[in-house]
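Heads up, the next two complexes both have chain A, just with different partners, chain B and then chain C.
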Partner chain A sequence: MSTGHQHRRPPFEPRSAFSPVAFHYSLLPFRFTKLDESRYVLTNFSGDYFVTERAVLVGLVKKTLTPDSSAYVELKSRHFLIDSHNAVALQLLATQYRTKQQPLSEFTGLHMFVPTLRCDNSCFYCQASRKPSTAEGFDMTESVADRGVDFMFRSPSTVLKLEFQGGEPLLNFGILRHIVERTRALSLLNGRLVNIVICSNLSFLSDEILDFCENHEVNLSTSLDGPRKLHNLNRPNVDFDSYERTCAGITRIRERLGVQRVSALVTTTRYSLNQPNEIVDEYVKQGLVSMFLRPINPYGFASRVGTPTSYSTVEWLDFYKKALDYIIHLNLKGVRLREEYTALLLRRILTPFGTGFVDLQSPAGIGISAVLFNHDGGVYPSDEARMLAEMGDRRFCLGNLLTDSYENMMLSDVLLDSLSETMTETVPNCVDCGFQPYCGADPIRHYRLQGDIVGYKPKSEFCQRHMGLFRHLIGLLERQDESTEVLMRWLN
Partner chain B sequence: MLLTDKTSARWDGNPFVVRVSTDPDRPEPLRAKEALLLSPTCQTASPGFRAYLNSTDLRLQSSKPEAPVIPLPSSLSYLVDGDIVQIRPLTGDLRVIYRKGSRHNSVIVTRECNNYCLMCSQPPNETDTESASLLWDSIPLMDIDTPGLIFSGGEPSLLGQRFIELIRRAKSFLPHTALHILSNGRLFKYLNFAKDIADVHHPDIVIGIPLYSDVSHEHDEIVQAEGAFDDTVRGILNLARCGVAVELRIVITSMNSASLKRFARFVARNFPFCCNVAFMGLEPVGFAKTNIKSLWVDPVDYESGLNSALCLLEAHNIPASIYNHQLCTLRRDLWRFARQSISDWKNVFLDACQPCAVKHECCGLFSSAAEMHSRAIKTIPA
Partner chain C sequence: MENMCRTADGSLVVKFDRHVYRLSAIKKAAYKYGGLFHILIENADDFIAATLKPTAACQAADVAAGEFCNEVLDQDLREDIAAETSGIRDLLLAHAFSKTSLIDLDLETEDYEPALKIRGTAKPAE
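Right after this comes the complex of A and B.
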């Protein structure tokens, strides 16, 4: 005990000494959108949200909420309002916003190579306009490949992702091997982490390729559309055994490389819509722990008129909700399986962290999140831009690896204009949308479907689909039941 | 177990610290900072020690030494070689400030504080001119293999640069010791001060910062200081920005027990970088004892909210733990978060605990909580 110094005596100040003065608060920036018949969702620019009744929203704006109401405290905790007691909310919001936008400072992470446009499958929904296995003139040369790798290492990103697209990349394994070996050598030299993925139908998987994947830490991603009949219908090959080949490939990778080394995605066709549970069951049967449900993209063969690919966004959302319900049901029974797009959206809704997914960025992810090198050296700011070029519209081509410099391509008007004109913070409708912090700009899709990089959102299927997804997921989160707990586990 | 007691010896002199030695043949250069513990096995007051602690009634066999001989109260008879004791000659106060064999060494940096928390277990003094200098002298006396050391208060950061120098001293003399600093973080609202800590480059340092609510008026009421929430939040952000590890500590009382999930959500969005979130049971001493009627809430009455809060943090990959909660007051799902958090010297178990199958994993109770504890305390059968 110190000598001569008495403790300061209580009493303590009562609660009233610390209570905010009623009705004296300021609003911080937020947007709101109707969630369902009775509720609204409010979001601030860092992505925190609050779901409430209309009366509370009106009370908030008219400043009639009292400090002792739970809505007041919730809204204060989530930085929707600020009162005389507290000015630090702005700093917290700024920190969250910086955190969310952090991927921008990394610049381009994903680099896609198309080693060949040839493929042995002839999917009617092919978005890449594939060429037959024996066609000539659609393979990447070594000089194109080398320049692509050099281009990739120009990106300042600390983590790079190298992804092989097609065609079927394994049909040109020689150049693929060359690219991987060169990348691994340069990544050691540059001190970069490079994650490598081959997107393949696995038809041509061999022991040699598996050894190669093991030695160079290469992961595989494949397409599995559902049970045999559906898969073979969607993804036919000459022998009508693409399902057997893909499943055999998945099994070999799981056994040889490990269960985490292969992932798969589902492309939804009209035939898929009425069998969500069967598709999910197929993933469980193959022992996969993740799946990615995606709608058909309006490029390549998928855009041909009169194909069986067409269905409405409402129909796809209905399919997605049924599949998700079933996946959650399986999780509650102890099955480990997650839907990756849902997990990605949940991270955007619930965490302060940004995600690098190309389609959901503002400014758009084209070029600054991803870039693609076509077999002929063409450089595109996204896979979709390349698909568009294969259909004859080269508007978004940034140049060619063989003739153009990094600076000229990455600073080209077509890229910079597309980025600056489509930011969701400023474009009509998005600017007022409660889901703006979770969504993103997709200029190439809007250009393809509506002839304009901004697009007219009330008629945009991208907008309709994502509004539907956000509404559904926030609704599930607000249920605060066991399915909410399953979704929370998908955050990490 | 008592850490302080009085001795009958009195003389004129300033307070000082000594390391306890049981070796009468101690190398002479070390003796000036040590007190020789006289016992039935060591009755020779060999010369040169700063003081002699006499745990026996025996008369000394040797001639009376020049340094003071201090009768050691039996309550402190547990002292062993390597422990550190503070002696106040004017009043006869003895205070054990470091025990070599303990894993819970907590030292007071200052007793002054800029908060005045309703549940403070260590009520502050208006002024404290000596804690820091005694700590300054103690650090070099501590065992170099000490696994962990807690800097506590009061509010350590009130010492300003002196506080930074104490951290540097801990790093210099105790390079392998994890340093845990309990600070309300308010003064780290000055970025340069946060930078000063980072610039020490202590290899293993965590600042444990109490945050009692996610909204300013609730936190400010609990710490009885307007503006404290804003200061603390700025401090947390500044420390994180400088790369200093931050732990958040929330003491659960009736004033915040209903909003634990809301608190966790706030932490996940605003402080995802924190290295631990500790949910702490009340220690009913000091002001907590004064205010116990308005603060007390039985853990079983907030168990559901606590569960939601921990699950939420776990989903966000933020480490979290529960301190000072007996396992029988927690659902089994939560046991993995529970830590044996109560310092050994004030840790007790009740009669019901003795046959309990999980006693060895349980934190037990604060000795001060023997009377004031959850109604759920019971024996868990094997």
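Right after this comes the complex of A and C.
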């Protein structure tokens, strides 16, 4: 029998019912990879890293870390976990991630022109499959050049970079001059900033060309493979004096335009592997303040059987580490010299800013970071795609400046299909890799070596090399000694 | 190791307790070790067996097989992380790209031509 005074349960539990009875935290997205025998490197959503033992990693995931432990505090401050006291982490992570992806909205910045495929050097590793300097039919015409410049100014990028590749671009200086003058005129008209670089062996550098570079703010980049004997062995010309010509050119640019206006890169051959210190010393001797250590790319003559180019990735990494150690040693003694690829990787590891380097983008940087105009008007989404075409495989050719429109080329299936398959956030192996935020996709290289643009990463030389580089650099940063200070200075 | 044995053709067979390990974690580890082993995965009632047949690239099969087992543990841990954070990851991505200008809203009309949709590209002069 009802009394009319039934006890009614309140609609909500009291606040105290929800108060935490035990400490709780939630994980934020992160990846991890083994750094060495005992340590792991963890990278969060925006690329911040944390190095720790496996026990801490397991403790983090299994929720056994206590809030008073130093690991907990570090992981919380670096946004690997979230608790009731740092809800703002989500906002920060989203902002950092957006900043890192910003280059995507800039679209194509780098535009490469090949004024000629002719060259006076006959490097056995020539990846561009150069033609002899007297050959005919390998020079860019004015009509192609004009359309190339117009194509470049269609890019939405606020800053453009115009780079001359070869062959030896100065062998067709007339068309190079025409392209630069047209570019400078259009950049004034459009209010666009254009940085211009000529990649040259400097054999044909003259006072006229130096005047031209000074007047039009053109920088120069060259190849210097090391001391005289090594350089001339790698890069012979008819008179066996390519070293003398290149060094003379570097000196003239330094004295006339300043040391910041010339840079150089080392192509590593088998002959280079046991000379890391001698190669570095040569750069110091020439007064250069930067160098770029690169392995041989598997294109053009470099892919011919029997050329002395082959070495393993492990051998190249060993060479790189020795050279880098020596460069750091010289820096500590007051010598100013920076290894540029190291500096680029450090920027990717330590800063929230994206880099436009074509090989380290996700999706791949082909087309959306760089475009190349070949001497015959062929348009390619990277220099390597052009190199592949010179070997007879035109799979990545986007079209021709003389016959195809900007829209048709930049929205072609050739480009868009490749891009959609190269997001490392979704590629097997890359998706779980602790170095994913720093790395990228190189579809042309994987296609060349494995016949597939995604590639099988456990057998990928690109993957092995970059894993080795990231492990080494993070290992150096973790030492937190004077060499770490040198690396940090290279960020500027 | 009781759960690891060698067959007559030199392959190593590793048994994983299915109550401890996820099949997906074993498959991911197998993908990663495909350069060192030809791998066959079999599903039994209580365990999952992975047969690892060394390739020519495999210098020390026993060591590599041990590392394969550790990789399965790591992959299992990654599955835990993914299960807990996939929702937050989607939220972060949505939030990050909600404030970009990757897509030009002026071109978001019903009759826009896809060929013109990339920011900054314009129709060439007639």
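Annotations
The rule is simple: the second predicted complex is superposed on the first by the 469 of 492 C-alpha atoms of A that agree within 3 Å, B and C clash if a C-alpha of one lies under 4 Å from a C-alpha of the other, contacts with A are read in each partner's own complex, and residues count from 1 in each chain.
Please note the rule applied: contacts are C-beta pairs under 8 Å (C-beta built on N, C-alpha and C of every residue); 3 or more make two chains touch, one makes a residue touch a chain.
All values derive from a computational prediction rather than experimental measurement.
In the superposed model, A:Lys333 makes contact with neither chain B nor chain C.
Legend: residue contacts after superposition of the two complexes on their common chain; A:Tyr406 is shown touching chain C, with no touch to chain B. In the overlay built on the shared chain, the residue A:Val73 is in contact with chain B alone; chain C does not reach it. By the touch criterion stated above, A:Ser26 is placed in contact with chain C alone, chain B being left untouched. Using the contact criterion defined above for the overlaid structures, shared-chain residue A:Pro156 touches chain C, although it does not reach chain B. Judged by the touch definition given at the top, the superposed model places A:Phe107 against chain C, while chain B stays out of reach.
Taken together, the two complexes place residues 91, 95 of chain A in contact with chain B and also with chain C. Residue ranges on chain B touching chain A, taken from their complex, read 4, 88, 90-91, 93, 111, 116, 118, 123-131, 214-218, 220-221, 224, 226, 229-230, 233-234, 237, 259, 262, 265-266, 268-270, 272, 287, 290-291, 311-312, 315-317.
Against chain C, in their complex, chain A makes its touches with residues 26-32, 34, 45, 57-58, 61-62, 90-91, 93-95, 97-98, 101, 104-105, 107, 154-157, 405-408, 410-411, 428-429, 432, 456, 458-459.
Within the complex formed with chain A, the residues of chain C that make contact are 28, 31-36, 74-75, 77-78, 80-81, 84-86, 88-89, 91-93, 95-97, 99-102, 114-116, 118-122, 124. Taken in their complex, chain A has these residues touching chain B: 1-3, 5-8, 10, 12-13, 15, 17-20, 46, 48, 67, 73-74, 76-78, 83, 85-88, 91-92, 95-96, 99, 350-353, 485, 488-489, 491-492.
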